[in-house]
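Report on the structure given below.
Letters A, B and C mark the chains as written, and numbering starts fresh at 1 in each.
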């Protein structure tokens, strides 16, 4: 059995005789990063809101968020993705359905992926935020209220700044999870990094080169992210507080 | 992780990658020098022949309602396995079935997971650089499957529309090339397999599904309402199907060729065609009613293993 | 799109779905067991004073923790048969299922390594000194003193992670292995009843994972209470 290593395949023209294979991989990387970032913004914004809602003294809000968290946490991402891509549009008004189906598939698939990953991750972020808030001493709340702050002001100026600092490390790993989970979207036909590396492998016959490059790209992005987050964590550490436990 | 730690990790990553690469070199070299290890020897030693099959390529190779692999090409691969058994004089030969997709079939042949893949694999020159091909057993043209009344009649109607293909197929190659050259602006969706591609079509994600006509007829047969769909367009390319095997294994190829050519000579192939294309087939017992193409009957009369492109 | 749902395909599909569920559960069990064993080994390597050993483990963990599981599955799908053949020297027909098992073990081990390392570090240092002073060897100290305590602190994390692994088993879909979701997809595509099958599969996953997470929660609280 022979395998001929040839790293020049990335410089070759692709099957469409216009692009080159390295451009395919790069476009895959760009899609992966784009989806991860957008989904993360959605997850963070929604997750913080839901996390707060889970701690307010208003039972219906807590219950509703609780149901949200359980549903999104306990169904596999792949099923959720299928749900958003195929089933949900089928329940929309016909005109909207047609508009979605006529739009550019990459746009629709990207939006679906962002929505799906964002909502999925928001459930996890929510739980982290809740844990961060609950980790704050109860008397902080009382003290702040006694100082005349309104409840939303207590959250905004006292509780959240502390809680969010505490949960930077788990949030970093949630972000890395979003980044890795983007690969799931290849199942609805979106050519992100993993899918593109398979395409390159299939059309050139040099699957190992393609996979090695994809692996290195994932590795580099993940390392960059954890380094940046580590720096952020150090910068935000309040002197005197034991930050991050390193 | 501290800074030197990160650097060490990076170094380690590189080492691991290189290790993987050399492992491949290392295992490839002795294989070649220490006598050729042919597929037939492997089958004899292990008592197992591993056949790659498709999950969803009706009527060539797919799961029926009992989750058994069936189909025209599957029957051919079983006939080849029987010929291998006869050639090796083995009393028993275990057939091991591994599902493959358009994207995995060639890597799986190269890494020895499967010994033979008979499905809907086009015999062409590009693939011929990576794998070997048996005698051809089918001819089909690439066309479009679309909903009746969609207004799609041929390639030009698809400009600016969404079209789905199965990732890694010759249809994908042809469509991407023509689309780029003629600047048609077709938006191409690459689905995992024929089954996924048809789902995308059925749910309206694409206006048309481009594939070999025979596969498209197979997809219609399992649709909720087969009458809603039809195959349109002038065939854009002609595809010849053959079983794929590891490259340069002349003995194994000879056995496979012998099995296929015998079937063509004594009329078994014609009967096999009638069984899968002109009679009710599982899972829905729909008759595809595809008349025998004169080109195909010419192939049956004059078997060859030549790639068309 | 006609949205009338037809559930009549389900009864006939049940045996095959059950078979798929069997595979999913087997995959979960293997990834947990294998992942924990390999993860413990990696954790001990990371804590080793030998720089080579610890940096190898660190590199292993950071690579596997930065690539998607899907890519790891593809890698093993390609490499495992080759490695098995290179090691044994004989052609060994090995199905994609085994590649999947190995991919999950290798991948989850990287996660468990981090959990176990944190667990070990959470046990106070003076315990090691005390055990060594009592005449236990380093291995004995690890085996009888540190690990049992570490495991106790790690238990909730491991249980929560197993629920996530169970959901992630559905990703073997990409290499056409029939786990529960794969079986559902296959039947759904064949019978043109994909929506019904996916809704059913989603419901089953939800019930199982929800029940499991409630069990974990109850268990964790009891532990804290005592």
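Before moving on, here are some points about what is shown:
To be clear about the criterion, a residue touches a chain if its C-beta (ideal position, glycine included) is under 8 Å from a C-beta of that chain, and two chains touch if they have at least 3 such contacts.
Everything numeric here is computed off the predicted structure, so don't read it as measured data.
Graph distance from chain A to chain C, where chains that touch are one step apart, equals 1.
Summarising the inter-chain layout, the chain whose CA centre lies farthest from the centre of chain C is B. With centres defined as mean CA coordinates, chain C is found 21 Å away from chain A. In this assembly, the C-alpha centroid of chain B lies 32 Å from the C-alpha centroid of chain C.
Rounded to whole angstrom units, the spacing between the C-alpha centres of chain A and chain B is 35. Looking at chain B, one finds that residues 1, 9-10, 13, 20, 24, 37, 107, 111-112, 192, 196, 199, 203-204 touch two or more other chains.
Among the residues of chain C, those touching two or more other chains are numbered 1, 62-63, 78, 174, 194. Among the residues of chain A, those in touch with two or more other chains are 86, 90, 97, 186-187, 198, 207-208, 215, 219, 223.
Interface residues of chain C, counted against chain A in their complex, comprise 1, 3, 62-63, 65-71, 74-75, 78, 163, 167-168, 170-171, 173-174, 181, 194-195, 198-199, 201-202, 205-206, 209-210, 213. Looking at the complex, you find that chain A touches chain B at residues 1-3, 5, 14-19, 85-86, 89-90, 97-98, 101-102, 104-106, 108, 186-187, 189, 191, 195, 198-199, 201-203, 205, 207-208, 212, 215-216, 219, 223, 226-227. Those residues of chain B whose C-beta lies close enough to touch chain A in the complex are 1, 6, 9-10, 13, 17, 20-21, 24-25, 28, 31-32, 37, 102-103, 106-107, 110-112, 129-130, 161-162, 164, 167-168, 172-173, 176-177, 179-181, 187, 189-192, 196, 199-200, 203-206, 246. Contact residues on chain A toward chain C in their complex (touch as defined above): 70-71, 73-80, 82-83, 86-87, 90-91, 97, 176, 180-184, 186-187, 194, 197-198, 207-208, 211, 214-215, 218-219, 221-223.
Taken together, the chain C residues at the contact with chain B in this complex read 1-2, 12, 16, 51, 55-56, 58-60, 62-63, 77-79, 81-83, 85-86, 90-96, 174-177, 185-186, 189-192, 194.
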